[in-house]
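Going in written order, the chains are labelled A, B, C and D, and every chain counts its residues from 1.
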Amino acid sequence: MSTANNCAQSVQSVLDWMATEEYKEKNFAREALVINPARTCQPFGAMLCALGIEGCLPFLHGSQGCAAYFRSCLTRHVREPVPMVSDSMTEDAAVFGGQANLIEGLKNAYATYKPSIIGMFSSCMAEVIGDDMKSFIGNARNQGAIPEDFPIAYANTPSFVGSHITGFDNMLKGLLQSLADTRHGKWTNGRLYVVPGFDLYPANLREYRRLITAMGIYMTVLPDFTEALDSPNTGEYKMYQPGTSMAELADALNASGFIFLQKYSTAGTQKFVKNVQKITSEAVTMPVGIRNTDAFLMTLQAMTGKSIPAEIEKERGRAVDAAIDAHQYIHGKRFALYGDPDLLLGLVGFLLDMGGIPVHILCSNGNEPFRKEMEALLASSSFGSEGRVYNGKDLWHLRSLLLTEPVDMLIGDTHGKTVAKDANIPLARIGYYLPDRVHLHRQPIVGYQGAINLITMIANLFIDEYDRNCPEERFEFLR
Amino acid sequence: MGEKPNASMVEEILSVYPEKAKKLRAKHIVVKEEGSTCAIKSNIKCIPGLMTARGCAYAGAKGVVWGPLRDMIHISHGPVGCGYYSWGGRRNLTSGKLGVETFSLMQFTSDFSEGDIVYGGDKKLAKVLKEAKELFPTVQGFSICSECPVGLIGDDIESVARNMTKELELPIVPVRCEGFRGISQSLGHHIANDAVRDHLLGKRERPEEVGPYDVSLIGDYNIGGDVWASKKILEEMGLRVRNVWTGDGTTEGMMAAHQVKLNLIHCYRSMNYICRHMEETYGIPWLEFNFFGPSKIKESIRKIAAQFDETIQQKGEEVIAKYDPLMQKVLDQYRPRLEGKRVMLYVGGLRPRHTIGAYEDLGMEVVGTGYEFAHKDDYDRTFPQMKEGTVIYDDATEHELDEFVNRIRPDLVGSGIKEKYVFEKMGVPFRQMHSWDYSGPYHGYDGFPIFARDMDMAINSPARGLTQAPWKKDKEVR
Amino acid sequence: MSTANNCAQSVQSVLDWMATEEYKEKNFAREALVINPARTCQPFGAMLCALGIEGCLPFLHGSQGCAAYFRSCLTRHVREPVPMVSDSMTEDAAVFGGQANLIEGLKNAYATYKPSIIGMFSSCMAEVIGDDMKSFIGNARNQGAIPEDFPIAYANTPSFVGSHITGFDNMLKGLLQSLADTRHGKWTNGRLYVVPGFDLYPANLREYRRLITAMGIYMTVLPDFTEALDSPNTGEYKMYQPGTSMAELADALNASGFIFLQKYSTAGTQKFVKNVQKITSEAVTMPVGIRNTDAFLMTLQAMTGKSIPAEIEKERGRAVDAAIDAHQYIHGKRFALYGDPDLLLGLVGFLLDMGGIPVHILCSNGNEPFRKEMEALLASSSFGSEGRVYNGKDLWHLRSLLLTEPVDMLIGDTHGKTVAKDANIPLARIGYYLPDRVHLHRQPIVGYQGAINLITMIANLFIDEYDRNCPEERFEFLR
Amino acid sequence: MGEKPNASMVEEILSVYPEKAKKLRAKHIVVKEEGSTCAIKSNIKCIPGLMTARGCAYAGAKGVVWGPLRDMIHISHGPVGCGYYSWGGRRNLTSGKLGVETFSLMQFTSDFSEGDIVYGGDKKLAKVLKEAKELFPTVQGFSICSECPVGLIGDDIESVARNMTKELELPIVPVRCEGFRGISQSLGHHIANDAVRDHLLGKRERPEEVGPYDVSLIGDYNIGGDVWASKKILEEMGLRVRNVWTGDGTTEGMMAAHQVKLNLIHCYRSMNYICRHMEETYGIPWLEFNFFGPSKIKESIRKIAAQFDETIQQKGEEVIAKYDPLMQKVLDQYRPRLEGKRVMLYVGGLRPRHTIGAYEDLGMEVVGTGYEFAHKDDYDRTFPQMKEGTVIYDDATEHELDEFVNRIRPDLVGSGIKEKYVFEKMGVPFRQMHSWDYSGPYHGYDGFPIFARDMDMAINSPARGLTQAPWKKDKEVR
């Protein structure tokens, strides 16, 4: 046998071993090494949050390299420009602190990019050396680098704590703490503040707006990064897109109420709004699927006394119709899923509605409350009995799971394509980081329309797969 | 349509900046005039608060130089993000089975938590290495690519690497590429080169003698398969490519890389350090070449062949003769569609100058170019190639680039992903020139037809004609 | 060699021969035999048309077998109930004529299904024996089978003339001729009548309504089969769904204008409305893709003087953005397409906008005016130079084309899946008869949103295909 | 929830009809009472204007009987529609390469135009046959399935068939199945049987002697692979299935089909004619059996085995013993989920009675059943199997079926595609029992696990629970 063959053989034997239960145990015994995590660091989420305020320039206090990375990654997903600056801290800042960079950075950014507000957050470098953004910003004002009253929000977003959803949450709280007027107490502005959470589907935000508006509720999406992530092409580049206006942000604490459409990516902000500011607020499961959308609308109904209009009810009826028409393609199929906690709760609820069987539920950035909530959800349905939650695990753990306990479909982002290929199952691309397909973020996955979209995507993926692999005599026109 | 670059345009564009920034930035922008010499400033710190396209040392070391080495595991040592962002983002293709022969499409990190910041990450690092070796027994070595906190908290990754090299009997290379070091990717390249020099190069000897035609291909990262296209030419010329730095590269190749007759370097910026080192230490000469577009390829083949005997020279001519008609076909197809089109470039590494010939082969003109992280030697190599009236910008900010493009209105901009959609929105055709916009290869004879097709597609896409709503046009006419 | 092997060999040699130029010539020399036509018969289109009138029961004068077939086929596509009756003509009717059946049928149908109107059309049986529906209906009234004033429209829809689009057209004209009041002459009702044509995407009709309403135009969709083809599931079955009301139908000839969104499936009705009734009317290319949608909206603008609102312009900008973001996945790709003439004109225009190269354009029910219009469209773009129009050809002709002059993608309905498989290219399922995937009809393919949907579908199909077939070393996260 | 069927319910339901229709329809609906005999009327013309589920003779002949014969080309002779609607709609799967060994997923038509109506279609037909033979040289024969106009314009397809049979040296079978003939698919079956009898059967002799265990499988159309599941059992019993009528069938098999010892018939309705003919003419006995669900399969295996010697009988028992535990597993899994569920059926052919055992195996009860196009002999076979209180309906109109289901509120309705979405909208679980709802097979041991899974999926889908908006529920509770 030739060396090449020997080699090929030994490669195969390693691959075979990597598919074993033994390897899985070794893999799950890991304590230090992380391989292919389905999460990234805080400032990325903070950047997204800042992009949702109209005229806001995201400003990273830290190394420029971070900014380059964040911008590249978000751009690849939405295929849109992502403006953001950093104060380009380098070695001298590491030694002497980043104040000089921050002040000069504010001055230059303010003059050059003419933002209406700046949303500042920190890289791990700034966090490790212990820079005090609050006092630096004060000094910048004192030195005239920026006008005295120029609105700046800031948030500490250490990369070694939590994940991108934590950063989103911190920046959101930072926006409110830094820039919202004190609550008046007696008077509210009659508006519902709608917090989408860390959600990279601009179409989802449009869908929230459409549904809530249809109920006759005055609303503000906070932060509203719809246009920032999906702006028209008109032959003109505008750095700032429409979003939550500074006026609406300033008035946020006078809201009649807040509704949070994700729980885990807004936990800190929820506490601030609900417990500290004592504002009526509700956090719902991300409205993925029919039941979760029902709960969302009924929460709105309960909060506002507004009724759900007939047109939305009809839309619901069409989604139910789509669900029943297609249930046979999803019912009894086994799924592995990974993603952010809020998305997973939404998706698992959706699958259970459809008779899908969630088996591996992997959440690189899940915490204990998430685990409990997910386990309760699984326990609520006979289709949930096989579901196991893997908090803090990564996609290499997932690979072992898929190879030792196979499922029919993986739901996740583009990073899941290698494991899906190894496991020879289709990948339903849902969630953040979808740079290998176009325009998936342009279709909502929330609300009744989102439910139809998910059903369509998942059912047709299964049928595609069957058509591709079925024996010739089973290649048919009817499916 | 579009203005011609000139000094007052530059001044106007910079006028928005505060005084200090304006003064600093003015030194980085030059409009080439008759007899002008290269007086551009480069390789200087970015100005805080201005949107730079630059990355960091980690990006240069892990992302560019080490990442493509396929049978090593590159540990992103520190918090989770850096590894995440650089995961599969650079299109340095590799062959082999993922997880066994290549680890390129995977991300390995020590994933620092708060505790690691407080108590230091050295112990964790040792554990990470052990776990990785256990799970991936075929791995050929490790690089430890430090992220910012590692340098700030005073970890001693060198000592961990030393100890673990012994324990795991594998080369383990500490790479001190914390993001705050230096002022761009560039220092990362240098650090990475030094780390290769200190920890891999010369550490293994191939049993057989060095052949007369043994070469290394240096500074080709196999973006979209570039290495494979380049190697094909060299091999058809009769040369034996013993190692590639570092596209689809192997640990073994790197360790025995001193056993060649000649180093051929494509990306001078990122790899000149190691070439100089090998010249000094091993007496291996090195030669810059350019495999973009038929003219430069032809020139390069002859230049390379001249380093060897007549056999190679003749084969070189045969290669040229073989591909000339194919290239002519490409030119016949695309040149009429691209003749006279004006291009602006803003990229890293070698492309702002190396691709000019390819554009010119297609009848196009480069009216502006610049580098993210070049040094003086890069501009020295660039200036002579540029026509008068070309604008050259170093570390251009997004404001400057937007303004230049908006005023000059080129027919095509070639730059990076962060810039792409700015210009798409402006209605200016664009191609990513780091990642070949998910196409490629662009190197060699295999690459040029793709390059030509892609440029044509960008410029002549009928979709570009959709931008303006026709009822708007009507209004304007009235 | 075993017999089985011999057999397999000879099968392969036949298949190989079937892929040759020689075979293609033989195939194209066919004069009588039709194999796998992409068209069906008139009454099918008439049924669709009748379903668009609120409270209308489609009534086939002919054999019940036809009714069973029409209902089954439409139901498979939309996964909705399709109510329709026939008068069950059998041998005695063949001998004595179908009057008795027609009268008894009207009586029973009227009593049982309580329609507000009946839309009657004929099967080939009734046409061959020369039944006179008009006088039969009169006799039914005279005999009291139905009330004197009960509205019945009728149309002759011989199966051996034209195709389903002809039937749609005939029934539509029949509705107007039978049931619309005489034009008042001076007074118009201020409404634009919007004729979708033979279009089995209910989502398209919703999209027309949304766009036209957004322009502030009072409108009536005629016939409006949106709800008939996509009704909500509420636990209750209603035989009649909302549609064009009888009042709106009656008032149709007092319309301020008509716009026809397909030309070839409404040709006769256009003539009646425009030439006979002298009503302001325009027929546009089916608004598939951005440019065709532009033309549609500008026609509306020109007809009504209303302007195109900013929100729609923004939507357009997003579609342009989607087109430019994805052009590289479609530009230069070669396509074969087949379908109804109106859909093909829309799709070819769309492809030309995207830099796609239409190569084989096959239209089983295309006529000479269609050929000329298509050829002019192809001539308008350098991307059209390879396009050839095959009128009156079928999917077996297409097979020869695909095997002798390969393309990168086939656009067509489910019936194309066998040829696409034989040609080893992906099939973009667009058009009528999509029973092998779910819910494709629930997404519009018209308007700007439809353009985004088509771009998404086609670009991602190509990427899917590449991911599936690329060498392992080219399996990447970025596409 | 739901009422029990009774006479007054029937009366109420029919009360909407005009007098004549009411009187006629009343004879087609029976609620079985103690000691009642089968007094239901059947095989009678549909009432004009009432929505029947029935098709036509063409559907019965081309769609059901001839269509599945895979190596023949079945010409839909007449206008384009009939062939279009029946194209690939019946899931009669076939093996072999499309266009060479099977033509099943293709549609062939003479596509009548106005001229053909005026001048007759015979000449065109001859040309169609010639062209088809030229383009498909491996075709084994043709059926000419007439559509309505053919019979009305007085074409002589028999003579064309005769002449072309000689010219093309292939069996060419004229089938006079014009849609206006008869009153349902049923006459189409009969016509098709007669055409087989007259033009294929006995026209070829296999060289080898008829084996003692040679059988034909009759009335199985291989919906979703049913034939393959049924054959598997028969072959495991030691029988040799020489031909299938007509699922995945071949011309040769049909021509030599008289060379068997026994005909086993599954779908009595569509194929009893040919069985009777073969019994009379060739002395071949025939036996009805039922391969739905383990109880009926077991019973049928024993009944079939009893026709043969001990070898077969023993093998039959072995088959039963082999599959019993597998079936028990299926029952253990699904019976607890389905126990007590009430089913209403309305299908064609054999299923309204043949599937009852399978439902009962799962603990389910059939509370209503009926046939689209049955004859008295079908009802004679059905009545004894039904419990008291079952409603039985013949050629039910959509009005009747809707009302029955709406009042009885069964847990599952099994009927056809035209009915499916009516009941889905009503919120009543539904499975298509003609096409197995694109699943299958349902026959045999391979089929039952799928059948059980599908019924469970329909009834216990959580999606069914979504129908009512929760805010509506609240209102009702208040």
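Throughout what follows, a residue touches a chain if its C-beta (ideal position, glycine included) is under 8 Å from a C-beta of that chain, and two chains touch if they have at least 3 such contacts.
Nothing here was measured: the structure is a model prediction, and the numbers come from that model.
Between C-D and B-C, more contacting C-beta pairs join the chains of C-D. Look at where the CA atoms of chain B average out and do the same for chain D: the two points lie 67 Å apart.
Our note on geometry: chain C versus chain D, Cα centroid distance of 31 Å, whole angstroms. We define each chain's centre as the mean of its Cα atoms; on that basis chain A and chain D are separated by 52 Å.
Within chain C, contacts with two or more other chains are made by residues 76, 79-80, 231, 233-234, 313, 316-317, 320-321, 324-325, 415, 418, 475-479. Multi-chain contact residues of chain D (touching two or more other chains) are listed as 87-89, 96-98, 105, 421, 424-425, 467. Contact topology of the protein chains: irregular, matching none of line, ring, star or complete. Every pair of chains meeting the contact definition is listed here: A-B, A-C, A-D, B-C, C-D.
Considering their complex, residues 16-18, 20-21, 45-59, 78-82, 84-89, 96-101, 105-114, 116-117, 124-125, 127-128, 131-132, 134-135, 137-138, 147-149, 151-153, 179-183, 185, 397-399, 402, 416-418, 420-427, 467-468 of chain D touch chain C. Those residues of chain B that touch chain C in the shared complex are 87-89, 91, 93-98, 105, 225, 248, 421, 424-425, 435, 437-439, 453-454, 457-458, 460-467, 469-472.
Across the complex, chain C is touched by residues 76, 79, 230-234, 313-318, 320-322, 324-326, 329, 414-415, 417-418, 421, 435-440, 442-443, 452, 455-456, 459-460, 463, 467, 475-479 of chain A.
Those residues of chain A that touch chain D in the complex are listed here as 290-291, 294, 297-298, 301, 307-308, 313, 316-317, 320-321, 323-325, 327-328, 331-332, 352-355, 381, 383, 472-479. Residues of chain C touching chain D in their complex: 11, 14-15, 18, 23, 26-27, 30-37, 39-41, 43-44, 59, 62-66, 68-73, 75-76, 79-91, 93-94, 101-102, 104-113, 123-125, 128-129, 158-161, 163, 231, 233-238, 396, 415, 418, 422.
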